[in-house]
Every structure is written in C-alpha cells, then in structure tokens.
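Shared between the two complexes below is chain A, which has chain B as its partner in the first and chain C in the second.
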Partner chain A sequence: MLEVRAVSKSFGATPVLRSVSLSVARGEFLTILGESGSGKTTLLRIAAGFERPGEGEVWMDGTRIDTLPPNRRPLNTVFQHYALFPHLSVFENVAYGLRASRAPRADIALRVEQALEQVHLTGLDTRKPSQLSGGQQQRVALARALVNHPRVLLLDEPLSALDATMRRRMQGELKALQREIGISFVLVTHDQEEAMALSDRIALLHAGTLEQIDTPAALYRHPRTAYAAEFIGRTNLLRGLVRNHTATAGPFIWPLDSPDGEALFSLRPEHIRFSSAGAPPGAVRFEASVADRLFQGSAVLLTLQCPGGLRLTARVPDPAPPAGAHSFEFTPDDVVRIPVPAG
Partner chain B sequence: MYSRWYKTLVTVPPLAWVILFLVLPYLLLFSYSFFSVRSGTIVHHGTLANYSTLLHNPMYVSVLLRSLRIAAIVTVLSLLLAFPLAYYVSFHAGRRKDVLYQLVIIPLWVSYLVRAYAWKTILGGGGVLNALLQHLGFSPASFLLYSPFAVVLTLTHIYTPFAFLPLYASLEHIPRSLIEASTDLGASSWRTVRTVVLPLALPGAIAGATFAFVLSLGDFLAPLLVGGPSGLMISNVVVSLFGAAYDWPLGAAVSLCMLLLVLAIVFAAGRLEKRYGLS
Partner chain C sequence: MTAPLPASRAPRWLTLFAFAVFLFLYAPILTLIVYSFNGSSVGGFPPANWTLHWYRLLASDDALWSAVLNSLAVASAAVVLSLALGLPAALAFDRASFPGKALFRRLVLLPLILPGVITGLSLLMLFATSGLKLSLFTVGLGHGTALISVAATEIYAGLQKMDRRLEEASLDLGATQWRTFWRVTVPSLALPLLAAALLVFTLSMDEIAVSFFLVGRDNTLPLEIWSRLRRGITPEINAISTVVFAFSLAAVLLWYRIRRLGPAESSL
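Take a look at the complex of A and B:
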C-alpha cells in the first residue's frame, strides 16, 4: 500500500539515500533499521512529507503522494520526542487532527475517548503534557496519531526516550496495538532487538542503501551482506574460499555445495559448542583456548584463541568450564555463505 | 562557597549604585510631590494640592488619556508589524535569517533623534511626501506633520524593533517538530500559525507589547519634534513643569503617577507572561 520507489536524497553534497525502494503491505509491521546516519529517519520524513525526495517517488494505494504536502497525506507520525503541543491539554492534543479536519463536535469527544482507551490512558484528559511521565506522553502521541485513522502509522524512534523497563513494556503494547487495529506500522529504530521483537519485516539501511529487507528470522539466519550479518546479532565473519565443493576458512575445512570463488562465512557464536561424544556427523572440530569470558546471565560469551591466530566468539550455556584449552565444534549447515561484493 | 569578603565586594557597588541613583531620586521625587510653589520658590511643607490638581484639572487627565491612547495604538501597530516580520525571519528566511535579523537591529544603533528627524523631513510641509503629492498635482497635506498621527507613526517606527526582539526570541524557541506535528495532523499553515505558533509566541508578544507600550507612553522627543500642540504627551508636560513652568512639586506628582502606572503594567505583564509561558 505504501510504496517507496527508487528514492534518493542528498543534503548539499552529502548523499543520504541512494535509490531506496521498498513497499509496505496492508497491516504489516515494517521496521526501518539502521545506525545513525544510515538515512532511516530521512526515509521516514520523505514518506511523511517533511522532506522531498531528490529523485524517486512515493505512492500510496495507487496515488502518488510525494508531491502532496504533509497535511494532505493519509498517514500520521509519532515523533521521536513526541512533539506534543505543550500549551494544549491531553484531550486537545489528541483532538488536534480531528479539529483540523473539521470533524463534528460530538464525534471528536467520542473518538478522542476511544483513542485514549486504545492506548490505556484515561482520566488524564485535562493534564498538560508537562504533567505526564515519559510513558504517558508516548501514549498521548500514539493516540493523537491513531485518532485520525491513518492508513499507515509512521513511528520515528518512538521508544528511544524511555528507560529500559518502560521501553520493553511499550514494545509489547505497540505490537498488541498494531495487531488490534490492523493498520500498517512503519517504525524507525537503531535498536536491532526492538526491530526483531516487533517487526513482520525489517528493512536494514546502511549508508543510504537498503542492505536487505526480510523477516527477522530470515535476516538473522540468512544475512545477504557482511554488514547485515554483523549488525543483526553477533557473528564471526570468516574470509575464505570455495573450490571443488570444499570450503576453506582459516583452519577450517568442510564440504560445501556452492559455486567456486572467494567467500565470506558467517558463523553465529551460539553455533559453536563444546565438543561432545554425540556430535552430529560432519561437525567441524577444533582446539582453542579461552582468552576471555563475558557473563551474560543465561549464557557466557567466550573469546576463543584458535590455531593460526584466529579469534572467534562463542556463546555457550552457563556454567562454562574454566579457562584453558578445550575442544570445540560447529555444524557446517549453520555456516552462512555471504557473497563477496565484486571489486 | 564564596568568602564573606568576596560577597561584600560584589554586592556593595551595585547596591550603592541603585540606592544613589534610583532609590534616593525617587524618594526625593516622592517628597517633592507633597511640596508646593509660592511666588517662585518651593515651599517645603506637606500638602496634597498637587494630586488634587491632577485629578481636577482636565488638561492633565486629557493629556494622560491621549498618551495612553497613542501608546496603545503604537503597541498594536508594532505588534502587527513585528509578528509577521519575526515569523518570517524565524521560520522562512532560511539562509537570509542572520542578515534580516541584523537589518532589524541596525536602526537601533542610529540615534533616536536622527530617526525622529527623518520623519520630520518625510512628513513636513516641504517634505518628501508633500513634494510627491504636489508633483502629482494634489495640494499638500497639512495633517501629516504636527499631529497625533505623526507621533504614532514615528513611535511605531522607533519601537517596532523592541516588539520584534522578544517575539523573535519566543518564536525561535518553538520546537520545529511541533510545526511538523501540526501539519502531519492535517492542519494548514494558517491553522498551524493560529493554533500552535501564536499561542506559543504569546509570552514574547506580551513582553514586546510591554516594551512598546511603556517606552512610547513615556516618550517625549517624538511628540516634541513631530507632535505639535495636538500631539503633546504626558512626558512633555513633565518636562515643561520641571523647566519653564518651574513647578517641580506638580511635575514630581505627575511623574510619580506615571511611575505607578508603568509599574502596574510591567507587573501585570509579568504575571501574564508566566501564565502563558511553557510550564
């Protein structure tokens, strides 16, 4: 329904977006994920209409909208720092869009109440934003956007200003809310865990280009670029070769049915385990010493010093055996080959 | 913590300055307003005669009312000019912002007298405007100079920057995301100005209005230069009472009334600003 077609944008001589295309399906929760400077916020602002694309178009339900001003687009935005009107009460903040579209008075009261109920914020109608907590302000911002029944809701890092506990709680509520009202959400965030937890699909943006757009699971299991593999979760990137159905990377060799050539391999830390008697056939075994350990609660992150100077990160369940040399293994099926970009 | 010696050092000079040049003169003014003048000398003997004169002589009341009216008109005109200007410079000037801001400030560096005289040259009998009118075949207009109109025009010109500055400052403090939020919610630019920009600029508008009103209420040069007899204001009365008329006690009484009026306005404006300011 919302479709971004080959959008490019530069600020001065600095390119911010390079021909980005993506489309959001009806009722989909799409997350635009990227580090600061990746262009993710600019992409959202182009969809909302606060920036004009340098090149490319934005379409919605068969209508071109990048030529329309923001107040004529059928979408609403939840801003990063909420941008609530400080001089208006909670009720008036939420009613703002309805008043702008000249909705009947009786309708306004009803719809504002409904929207506030949807975000579980009732009884604070007369408060000013400054009298609300961060979480409550967040809810007002949501209600203020949703009350207008947008076809797509844009959310610009809506949870970044909340503390960790509140953020986790709002993530759950955001997901539940999106399922309940069934409209498309487009969320911008730099937090990959948030993206994984909430999204139907994630669009990973890097330096203004779309690295990969996929479901969270596909993005995690089958990253198509080195950047995607490293940004989503942790990984060990190994440079190597494939020749005659055999992969070589550092000290490791395993059979692989893949075209010959240079290759990058991604091996997730949780796929490295201590060797056991019941190892599946074909597992690659190696000796390594534990150089460092990082306690993470349910697991321990180990830095492994392998033969040939290679260092790997492994994630093993706690309690882990003491420091020293141990035997480890991984299953070749868990290793993902990432195409090496030409040049 | 600062030492006692240091604290004394930094507090005493300003305090002495205020006492010597503000509190003492006002006390003197206050006591003079209860004296009287008999056959050319000031009699140091308490009386309320000056205040009764103020109340009962219609001349003083009417000049005061005229001053208030002129100040009110100047305030409204200054705000009407300053708001669109401040709005444009703050929101839409882009790269020209600093230049435009300086252009508003620069006239403040030019002597007040020069600016007032400029209007005399423009509005006068042989002035620029009348020369133009004559050139076009009209008879020269005499109402231009030496009238309340001329005073209002001059004062508006002089005090608009004073209304502009606080307005501009408050506009600069409005987060631009609020403007975006407003348009995102479907509001037109006009509606955004009306429902977001104006209410949030209100403290600045109040401060600007206070400047324009108080400064023009107490102005005596513009009425002196371009006002003529029909454009005299209350400060001109004070000047003449302290000067040619040699009635310092009455002058002191008029000054004190003005002072109280201005203090009341400043106080009320302060309250309003707080009320409409962002909490």
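Take a look at the complex of A and C:
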C-alpha cells in the first residue's frame, strides 16, 4: 500500500536517513519508533510531502508519490501539537479538506458530523480550538484528517502533548478507531510502551537506519541488534562467545547450538528468578547479592552483584526476600544471541 | 545572577532627571493643547478665560476640512499600496532563498532611514521625467512607496512568529498553495497586517517632507497647517493640532495593543 523505497535524506552535511525501506500493508497499524534525532519525523514528513527524499522513492498503490505536492497525496496527517487553524471553528477545521476538494454542501455537513461522532466529540461545532482542552483538540485533529477518507493516516507524536492518564485513554481509542475504520495508520513516537500497545508492527529507527521491523512480540523476544534489545524494554547485555556448542558470558556457561564466534547475549530481567527446587533441567544457577531494589508495584527490580564484578538487573514478583546473598537462575532458552556487528 | 538594586539605592537625581526628560518631551504638546482652549487669540501667560471657540471655528473651516479629507485619501492609498507590496516583500524575506537576498532586504528597508527629502526629491524627478502631473495621486504613490519598508518590517515580524505547520496542515488537507495563502496565511497574519496598516496610516497622516515635493494643488493636512503658520499662529492651529494629536495617540496605542496581543494569541 504505502511503500518507502531506499529513502535517504541529509540536511546539509548531516545524514538524517540512510537508505530506509519499509512498506505498510492495508489496514495495518505501523509504528515508527525511535529517539529524538533518529529521523522518524523526517521519514513521516517525506511520506506526507513536506520534505523531498534526497534519494529513493515513495510509492502508494502502484503510483509514485514522492514527486507529488502534499495536497495531491491520498493521505492525511495528524500533526504534533495538532496545528488546528486557530481562526476557524471546530466545524470549519474539520470541513477544511472537504471544502478544498469542493465537496457538495450537504455532503460536508453530514460528513463533518460523522467524523466528529467517530472521535466522540459532538456539540462543540462552534467552539474555537483555543476553547478546547488538549484531549478535545486531539480529537478535532483526528476528525479533520479522517473526514477526507485517506487511505493512510500519518500521526506525528499525536499523544505527546497529553498528560499520562489522557494519553493512555487516547491510546485505547486510537486503536479502536483504527480497527473500526480499517485504514492503515502510520504512527511516529519515541514512547516504546505506546508502540508496543498499539502496533501491528514496529519499525525501529536509530540514527537514520532501520534497525528492525517486526511485530511487537518478535521485536521484544528476538531483537536482532543490541540497540533493539536495549531500547525495547529493559535487558542485560552480556558480552561473550560461542565455541564448540558452548556459550560463555562472564561467569555463565551453557550449551548452545549456534555458530562459533563472538556474541552478545540479551537476558531480560524477568527471566532471572530465585532458584527453586523445581527448576527446569539445564537452568543456569548463580549466587549474587542484592545491591539495590526498585519497587514497581506488582514487581521489584533488583540490581544483582554477581561474582566477578558483573551486575545484572532482575525483575521478581513482590514481595521479594530481604537484601543479602541469594541463589538465582535463568533458563538458557530465554537468552537471545545478538550478532556482533563487524568491526 | 545579579539581583536588581533595591529601589531606595537608586539615586534621587536619576528620578529627577527622568522627570525632566519627560517634561522636555511633552511640555510643548501640553502647551499646544492648553492654548487651544485659550479665550485670547494673542497668547500670553497664564491663558485667559477658557473657550471652545476655536474648535467651533475649526468645524466651519472648509479649507481645513478638505485638507483633512485629502490626507485621509492619501493615507488610505498609502496603506493599500504599502501592504500590497510589503506583504510579498516580507514573504520573500521569510521564505524565499535567492542570490542577493541580503542585499534585496537592505534595499527594501533602506527608505526607513533615508531622509524624506531624498525620497521626495527622487520621486519628484521620476514623476517629472515620466510626465506624471503632481496631484494627491502622486502624494499617495510617494507615501505608499516610502512606507513599504515599514509595512514589510511589521509583516515580517508577524511571519516569523507564525506557526508554519498551519500551512502544512492546509496543504495536507488538499488545499492548493493559493488557497492556503488566502485561507490560512493571511488570516494568521490578520493582526500584523492590521498593525502595519495603522502604523502606515498614522505616519502618512503627518508626513511633510515627501508630501512637500509631490503635492499638486490640493494640500494635505500637515501642509495646510504649515502654510497657515506663515500667516502667524492662531489658536485654531492649536485646536486642529490637538485633534490630530488625539487621533495619532489613539492609533499608536491601538497599534501597540495589537502588537502585544499577537504572541499571546498565537501561542495557543
């Protein structure tokens, strides 16, 4: 449906995107996730037409669109901080696109009302944007884009201006809305929890490069780069090597069917647990003292001081035993090997 | 971190000095206003019995009123001309990038510091060589050109504060560049445009130097006042000046308020 082909972009001498390719399927919720400066917003602006790609092309349903001006692309954008027209009422803001495309008058009133109903915002037609709360402005911005029936909706950090409670609520509504109307959503965010909660797939961008594009579960369970492992959730990265079907990392040794060589291992905090009698066979046991604890509600985050100076983070259910030395373990199957980049 | 000096430590003479400057600035205007209500036409201190006589005389002075109308017509033309040319110039400062842009900008803003005599004289020579007869039309043309720099400066300041994403949103919603300009850019600039119009109008209303070179048979108000002065100061001159002062003051206050309103309105 929407396809980005080998797009690169530099601002002056600074490369912002390096040959990024990705495609969005019909009805898919794709999130472009990255820190500030990762190029995620630039990628969205290239899709919308506010920036031209330095190299590469953007296609949509078999038509090349990177050469078209933004007003002739069959997609709409929900802007960060909304960019509502301050001099127009809620109704006129939503009607803006329909008027620009010269839709019949009767149609406009009907479709604007429908769009406002879709985002649960009725009875405020005559208000000006400055008279609305952040959440209401967000809904107007959504309605203003959706009323034009775009085939793809682009959303640039749409929830970043909202407070935490409102953000969680809008996340739920956004997902429900996307299921209901069934068009593709492309969301840009720096919030990995938001990305995990909403997306069918996540495209993880780092320093202008696409690190990995996968379902949230696959990205979490099988990160392919150290950056992906650390950015999505928390993890312990262990440097080690594999030789003769045996993995070694710090004080740990376990059998592993994997090609020989240097390796990085990702061990999630929730995969480390207190040793018990009923441990599965092959579990790796170790002694460690609890150096620090962070209460998180349902769980406690422990900083473990292991022999040999290694520090690990473990996530164990609350209540956790008191500080001191304890015996811990993990299952080798939970450890993910990440290829060490050449050089 | 430097804490402001406590008020008591500010030397007393500084306060007195500030007061003196204020007096220096406004005593003449105050005198002008007071003597417009003076019953005696000779002057002298203190002013004798208060009267509105000069204002009544003013109301029935046809020559003066036609000068007022002339000035209003010239100022309106100057506003239209300077905005019509100042807006594109400001847009070019803000958005276009072309070789020689810095030079272009300085050249457009030059009339701001150029003496009115130079502007007036050069326009006079231009009109003379092109065979244009001097009239209120040439005065309006002159004011309009001379004040483009003022209009462009005001509008440029507004453009810099404007949220560019509004225009992107308009394009994104399928509007053409042209439609975006009229439906989003211009409404967003409503306050700066109004402020520029007010400022140009006020400056044109009391402009003398350029007008002096370009005027034909019909006088503008400042020229009318000036020509009457040659026959001696009458309290009637004081009266009309007081009225002009009141209107200018109102216009400048309004302009100032609009400028202050600008950023508050746009930072939603």
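Heads up, the rule we're going with is that the second predicted complex is superposed on the first by the 343 of 343 C-alpha atoms of A that agree within 3 Å, B and C clash if a C-alpha of one lies under 4 Å from a C-alpha of the other, contacts with A are read in each partner's own complex, and residues count from 1 in each chain.
Keep in mind that, in the parts below, a contact is a pair of C-beta atoms (placed from the backbone, for glycine too) under 8 Å apart; a residue touches a chain by one contact, two chains touch by 3 or more.
Small disclaimer: the values here were computed from a predicted structure and weren't measured.
Enquirer: Following the overlay on chain A, give me a clash-or-fit verdict for chain B and chain C.
Expert: clash
Enquirer: Check whether A:G208 is in contact with chain B, with chain C, with both or with neither, and answer first, second, both or neither.
Expert: After superposition on chain A, A:G208 lies in contact with neither partner.
Enquirer: Tell me the contact category for A:G135 with respect to chain B and chain C: first, second, both or neither.
Expert: In the superposition, A:G135 touches no partner, neither chain B nor chain C.
Enquirer: Kindly classify A:P223 by the partners it touches after superposition: chain B alone (first), chain C alone (second), both, or neither?
Expert: Neither partner.
Enquirer: Quick one: is A:P269 in contact with chain B, with chain C, with both, or with neither? Answer first, second, both or neither.
Expert: After superposition on chain A, A:P269 lies in contact with neither partner.
Enquirer: Is A:R144 contacted by the first partner chain B, the second partner chain C, both or neither?
Expert: both
Enquirer: Do any residues of chain A touch both chain B and chain C, and if so, which are they?
Expert: Of chain A, residues 48-50, 69-72, 76-77, 79, 81, 83-87, 96-97, 100-101, 130, 144-145, 148 contact chain B in one complex and chain C in the other.
Enquirer: Considering only the defined contacts, which chain C positions touch chain A in the complex?
Expert: Within the complex, chain C contacts chain A at residues 163, 165-166, 168-177, 179, 183-184, 187-188, 190, 265-266, 268.
Enquirer: In their shared complex, at which residues does chain B touch chain A?
Expert: Counting only chain B, the residues touching chain A are 175, 177-178, 180-188, 191, 195-196, 199-200, 276, 278-279.
Enquirer: Give the list of chain A residues in touch with chain B in this complex.
Expert: Listed in rising order, the residues are 48-50, 69-72, 76-77, 79-81, 83-87, 96-97, 100-101, 128, 130, 144-145, 148.
Enquirer: List the residues on chain A that touch chain C in their complex, please.
Expert: Result: residues 48-50, 69-72, 76-77, 79, 81, 83-87, 96-97, 100-101, 129-130, 144-145, 148 of chain A touch chain C.
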